[in-house]
Each structure stands twice: as structure tokens, then as C-alpha cells.
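Following are the structures in question.
Two complexes are shown next, each including subunit A; its partner changes from subunit B in the first to subunit C in the second.
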Partner chain A sequence: MLRKLTFLAVSAVITFGTLSFDLPQKSEDPGDRLVGIWEPSNGRSRIKIDRIGSKYYGRVVWLIEPNDADGNPRTDINNPDPDLRNLPLRGFRMCKDFVYQGEDTWSEGTLYDPNNGSTYNGTITMSDNNTLDMRGYIGIEAIGRTDVWKRLKMPSRKKK
Partner chain B sequence: MFKFFKTIGILAFSILLVTGCSGPGEIHEYSVSDLEFSLEGPLFAGPNSEQAEISIDIADALGDAYVEGMRISDARLKSATVLPNDSLGFDQVNAFVVSFASDNEDISMQEAAVKNPLEEGAAQASLNVAPDAELGEIMEEGKVYVVLDADLAEDYWDGNRDFKLNFTLELTIK
Partner chain C sequence: MRNFLKLTTAAIVLTSTPAFAQTDGTADDDIDWSLYEDLGFEDESMKRFCSAKIEGLSPAKLISLGYDFQGPYTIEAGDMDLLNGSSLPGGSKQVNSTAGIRAGFNLPVVSKTNLVWQMGANYWNTNYAYAEMPTELDNPLHQTLAEDGLRTSGINTTVFKPLDETQFILFQGSADLSGTYGANLMPAQYLKYSAAVLWGKRPTEKKQWAVGLARTYRVGELNYIPVILHNSTSANNKWGSEVLFPARAHVRRTLNPRNMLFLGYELQGQSFRMYENLPGFDIRDEDLEIRRGEIRVRAVYECSVKDFIWMSAQVGYRINYRYDVDRLVDGAEIYRAFGILRDDPYAQMNGLANPFYINLSFNLVSP
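Now for the complex of A and B:
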């Protein structure tokens, strides 16, 4: 009898334990699928997208070259506002104000290019759960450029 | 010919009337104290972000001076100070940035103050404000998101990091 009960208990733990692992993470808003860490096609930076209020923002969390030629952390030296040229580039919000429109599309936002200090209108399309088409344009969306970003998995803590 | 000058005259008078009535507006200071931010661990080296929500009620802020229909026409950040709100102080913090945002799709987030780098051993951080950052439209929305970015030098796995923000806005009210 005891062996039977133990077997049932172990089976239940295995079954429900597995089920809870396989369940996808619940998301409050379908637009939240955009939240995560993404890598642009050139692999020179990583962008973390978060939600603030009802809109989505992406900030630089990693740079392949975090420091300038003098060894100091890079700042947004091309910012049109001279008072903000001291903003750290690592941490800079280069994607701003994106609103989920349904059908895997976020728009109404802007994309900032720190290489020249220019801001472009932006549209984000999620082609699959791990791939984004980031389209930047001025004026007409048809005339613009699209970059493909890939989702990165969050690092886990290394066991000491 | 007379009709033409009459039309121009009426037009000019109307413009004068409108601009004369609208005036430059009155400037009021609006301060927010001890706005708490808890950056939830684990935290990774680099920028970590947290948001707080405030609502600006100008009727409440102006008290008896408030007249129905008054609105915020412009807002600038005058000062911003970050203080530690835990025993760790500013340990391993390289920089702070404060930004403001709203839910309105037509209004963009604005960075408004930065401290980079942070002085070693500082008890508080007085941020350098960007006087040209126009915050009027965001403040006019009423519900405002205040975003604090803290740049950490190293990963922090042992809990949260807590900070407080004090800031003062100059609101132009018409």
C-alpha cells in the first residue's frame, strides 16, 4: 500500500512539475511579447525593450565598444541638445514611444541613431517570436530601411 | 482697395486680441519629494531602469489662485536630486538619468536630467538638468511616468537597490 502511494505521489510530482514548466509565461498585454533583449543585425549592441505605461521603449544595455578612444565610457556626443551629450550611450533609449497596434505590429514610435544624432519614425513588426523587423523612415514608410533584430535569452546566474 | 485694407485691419486686430489675451502665463514651481524607486534584483552591470507614476493636479497645486480653464502651457525641470534609500548608498553606481513620459501616443518621452559620472563617496547626486527639455505637453497629461535609470558598474544579485528622487518643475500656467 505504502509503495503504491509513494508511486502515485512521485507520478503526480513528475506530471504536474512538467506541466508547470511547459506552460508559457502569462503576459498581461499581447504587446508585451516585444519585451526582452534584442540584438541588431550588426551585432555591435544589445537593446532591452521594456514597457513604460502603455508604450514600449528600448535602451542600449550592451555595446561591443563601450569606451571611446580615450578609454572613457561613450556618451551621446551627437545629441541635438548640447545639455544631453553627457548621457551614457550604454543605457540610452534609442527606441521610444512604440504603441502596439495588433497583428504583431508596434508603431507611432521613433528610432534614434547615435552615430549621427538623427531620429527616424519607426515601425516594428514581429515576424516570429524571436525576430523583429525594425523599419526606420523619414516621412513616408515606403522609403526607409529595415534591420532584423534577434531575441537574446536572459543570462542566468552562474553557480559558484 | 478700401475693402482690402479693411479686411487686413480686422485680421490684424483679431491677431492682436488673441495674442494679447493669451499672455506669457504665470510661472509656478511644483516640487515632488521622496519619489521612491526600487530597482528589482537581480541587476546586471550597465543601465537598470525603474518607473514611478505621479499625477499633476494644477487646481490642487495653485489653490485659491486656480481659475477654471487654466492649463500648463510649458514645463521645465529646474532641479533634480537622487538620494540613496538603502544602506548601500551609491555603491557601484556610475550614472543616473531622469526622463519623463506619458501614455499619449503623440507625445514623446523626454530625457531631462543626467549625472555622469557620479562623484565617488557622494551622499546625494544633484543632476545636471537640460533646460531645453520641453515637458509641458507631458505634464499637461496629468498622469506622468518618471523614469530613473541607474548605471551599475557590476552585477548585483543580492536583492534590490533603492533610491529616492526629489525634483522641482517650473510650470507656466495660462
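Now for the complex of A and C:
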């Protein structure tokens, strides 16, 4: 009897745990409008933003120049931490920890610029459903720069 | 019952951990990166525009505080022609040093894909430390430099308007009060307006160029001159050029993105109103302006001291281009066009020897 009870309990926990992971992804949380594929203004890269738990993260999924001058995949050579300089840029998570604040704004996150290895405080504002104002700043928002990202169509093909 | 608790705990750990360990629930090895290659904008009416910067360019300075120091040199003041037809004799004087604070800020107002607009302000102070303090018996130029020095306070704006993915228009404008004023600024009627408008192209991520026309006081007096912008970075990101000819031109050596060396020159200058009256000499009524223009041949080292605070250290040679005095009757500007349009004589022609100089500044740089 105890064995059956244990089995049922474990099954319930697994099911509940899985649901608790999946449910937010499927719910219509207004913050999830940030989820998608975005292109920064310079058109040199594409960033896929996903929600993990209650926060939003963006990773590089495409680079116009994926390889360095030697033909090897580009890595994060400007990272201030020498141990991280071998990490490939494609797949690198450059937006971290953004939390939806309401009124089309996500903040409390950081933006990483692989061109100089700097990490900035960040605020994301959705000016319309297909346009983001990505503001990186130092300490206070007045001291910073805004880059405009455009939403790209979701890929239609699936990996075979 | 104990087993039940253990299993429950294990199940919670097992089911919860993956949510935090992965980025988006997909391991890198499982991602088909080619999915992201050919994607159009969700809103098909959207256009791509070129960026204002290129890869590898030195970081823009948002806030800057520095100190400029020139070593000893001689000022050879010429005879000064006065309004009443008489003239005051010139004379040579030794200056031990010329130094002052240079501060400025430049902050973005609008930073959009299709428009970048920045506003800024600057303050430059130059004090002249004479070996012997000039007296009323010396030429008024020496007196006014020793007692009042020169300073410039100004505001400026920069507008970058991309036209498409490669073409852009760049506008820079400034209004400066330059003179021998003290704590109280001069009236706005003495503002000097400079501007430049350029059209250019950014053919690659590592190169941009532009051509245009500038109204400038960089050589001391008003001029309208063609300007050429050329910024580039080599394929390996180690070398580059940062040129806005003829105002400045530098070759850049990037040791790493936080350490850069520059070799080149900059033209610096303004027209300084001799505004503060001197004992026994009513200089305001003379409508005199010092046309100061100088070439600074220099080596510059810029590095990140901590995060976004950068240091810039310059060592160079200051070459005098012009330090003559013009008389602007009723404030009317004289536009000589290098002697092509007019050939008005200067009220005083002066000569400066050329010293070495150093400049140290700390800067908060742009993200």
C-alpha cells in the first residue's frame, strides 16, 4: 500500500513540476510579448529572447560573420574574464534577468556588448509590438545609449 | 514514510533543476542555427538603417574632465593699431606655462534606428603664467592674457540621420562664447557659431566616410571649408583611422578594446573677444578678438581605468598657426577666405614659440 502511495505521490509531483515549468510559457502573460527573435539596429546579429521562470533572457542565434579571420567560430574574445574568452558567441546569452514591470517595460536586467566586453544595466521598452528600445546605461538611465531592435518572423522550418 | 519524503524531495529537485540549467530549454547541440538565417521583419514595412559608429572605433565620451598643460615659450606681441590711429608698441614676454581645465559632456537626446541626436556642453579655461607679470607699460595683449586668460564656454549638438543601410547625413553645430571674460559670461552677441554638414556612406561594418562643408573658427578666424570624414578598422581589429580632415586625423592602434594608442594631429582654435577692461586701457571699445589657431601633433593613449571610466593621456607638440588680433567694428565678422575674398590687415600680428604639451583627462564613455 505504501509503495502504491509513494508511486502516486511521485507521479503527482513530476506532473505538477512539469506543469509549473510549462504553464507560464503558455499563459498569456503580457510580458511574454518580449519573447521572439529580434535584430539590433546594426543588423549584425539576431537575438532570441525567451522566458525562463519569471525572467527574460536573450541569446545570440545568428551572426552576419559567424567565423573569425582564421575561419574558426567567433568567440567572446573581449570578455574581461580570460576563462570565458573561448565561449562561442553564437549561443551566447547577452541579455539577462529582465523582469516585466508592466506598461511595456522590462528592467532589472543586464546587456552585454561582446564588441568591448562591457556589461550594462538595461531597460527594454516596447514602443510597438515589433519594436524594442534597448537602453544600456551606466548607473542612471540618463547616462546611456538606446538601440532599436526589430522583431523578425519566427522560423518556419523545423530541424530534421 | 521516510522513503516517501525522500522520493518526493528527489522528484522536486529532478523536475525543477532543468528549468534553471538551460537557456531556453534547448541544448546548443540540438539547435539548428540555420533556422535563423533567412528571416524577414515581422512588419514588412520596416527598413534597415546604417549605424552611426563602426566596429573598433574609440568609445564616445559622455562626460569628460581634464587638464591641459603647455610648457614654457615666448609670446612676441606685435604693435597694436588702435582706433584713434595711434599704435601701442609690442614686445616679447616669456610664459612659464599655459594651463587650464577642460570639461565637457555629451549626452544622447534621441537614439533611434533612424535618428540619433546628441546635445553637449563644454568649458575650456586657459591661464597664462608669465615669468614676469606684465604691467600697464607692456602691450595690452600681455596684460590681458596674464590677468584674465582665455576661456570658451559652449553648447553643441550632433544629429546623425541614416538614409538607408549605407548612406547617412551628419550635422554638427555649436555656439561658443570665447573671450577674456571672468565669472560673468559675455553677452550673447559675442557667440560664435560653427557648423558642419556631411553626406556619407558606411559600406561595411568597419568603414565609413563622408564629405561636406563646415563653417569653422578652428584656425582662429571664420572660414568655410570642405571637410572629409574617414573612419576605418582593419580586418584583425588592430589598426584603424579616425579622421575628420582638416580638424583632426589619427591612426589608431588597438591593443585590446580597452587599450588604444593614437598618433596624429588636431587643429584647435577659436576667436577670443578681448572683453575685460585693463587699467588705463578701455579694451572693450576696441572690438578686438584674438584669432587663435594651433596644430597639436600628438600621441594619445586611452584606456579603461575601471569599467566605463577611461583615462586619456596626450603628449604632443603645440605648433602656433595664428595668434593675431582682428578688429571687428560693430561686431561685423571678417571673412578673408585665406586672403582670396578680402585682405584686411590685422590690428596686431603676434608670434608664439612652440612648446611641448600634455593633456590628461578622465572620461565616462558611452555604452
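Definition applied: the second predicted complex is superposed on the first by the 129 of 160 C-alpha atoms of A that agree within 3 Å, B and C clash if a C-alpha of one lies under 4 Å from a C-alpha of the other, contacts with A are read in each partner's own complex, and residues count from 1 in each chain.
What we mean here is this: contacts are C-beta pairs under 8 Å (C-beta built on N, C-alpha and C of every residue); 3 or more make two chains touch, one makes a residue touch a chain.
The structure presented is a predicted model; accordingly, all values stated were derived computationally and were not measured.
Participant: Would you check which partner chain A:33 touches, where first means subunit B only, second means subunit C only, and both and neither mean what they say?
Facilitator: neither
Participant: Look at A:117 in the shared chain and tell me whether it touches subunit B only, subunit C only, both, or neither; answer first, second, both or neither.
Facilitator: After superposition on chain A, A:117 lies in contact with subunit C alone.
Participant: Between subunit B and subunit C, whom does A:143 touch in the aligned arrangement: first, second, both, or neither?
Facilitator: The second partner, subunit C, only.
Participant: So in the superposed three-chain picture, is A:99 touching just subunit B, just subunit C, both, or none of them (first/second/both/neither)?
Facilitator: Touch status of A:99: first partner only.
Participant: Of the two partner chains, subunit B (first) and subunit C (second), which one does A:59 touch, if any: first, second, both, or neither?
Facilitator: both
Participant: Name the contact category of A:75: first (subunit B only), second (subunit C only), both, or neither.
Facilitator: first
Participant: Could you look at A:91 and tell me whether it touches subunit B, subunit C, both or neither (first, second, both, neither)?
Facilitator: In the superposed model, A:91 contacts both subunit B and subunit C.
Participant: Looking at A:50 after the superposition, I want to know if it touches subunit B, subunit C, both of them or none. Which is it: first, second, both, neither?
Facilitator: After superposition on chain A, A:50 lies in contact with both partners, subunit B and subunit C.
Participant: Report the partner of subunit A that touches more of its residues: subunit B or subunit C.
Facilitator: More residues of subunit A are touched by C.
Participant: Check subunit A for residues that touch subunit B in one structure and subunit C in the other, and list them.
Facilitator: Subunit A residues touching both partners: 50, 52-53, 57, 59, 61-62, 90-91, 93, 155, 157.
Participant: Which stretch or stretches of subunit B touch subunit A in the complex?
Facilitator: 42, 44, 46-47, 49, 51, 53, 94-95, 97, 99, 101-103, 105-109, 111, 114, 116-117, 128-133, 143, 145, 147, 149, 151, 157
Participant: Inside the complex, what are the residues of subunit A that reach subunit C?
Facilitator: 2, 5-6, 9-10, 13-14, 17-18, 21, 36-37, 39, 41-44, 46, 48, 50, 52-53, 57, 59, 61-62, 64, 69, 78, 90-91, 93, 111, 113, 115-118, 120, 129-131, 133, 136-138, 142-148, 150-153, 155, 157, 159
Participant: Report the residues of subunit C in contact with subunit A in the complex, numbered from low to high.
Facilitator: Answer in residue numbers: 1, 3-4, 7-8, 11-12, 14-16, 18-20, 22-25, 28, 30-33, 35-37, 39-43, 46, 48-49, 51, 55, 59, 62-63, 107-108, 111-113, 165, 205, 235-236, 256-258, 307-308, 364, 366-367.
Participant: Quick check on the complex: what are the subunit A residues that touch subunit B?
Facilitator: Counting only subunit A, the residues touching subunit B are 50, 52-55, 57, 59-62, 73, 75, 81, 83-84, 86-88, 90-91, 93, 96-97, 99, 108, 110, 155, 157.
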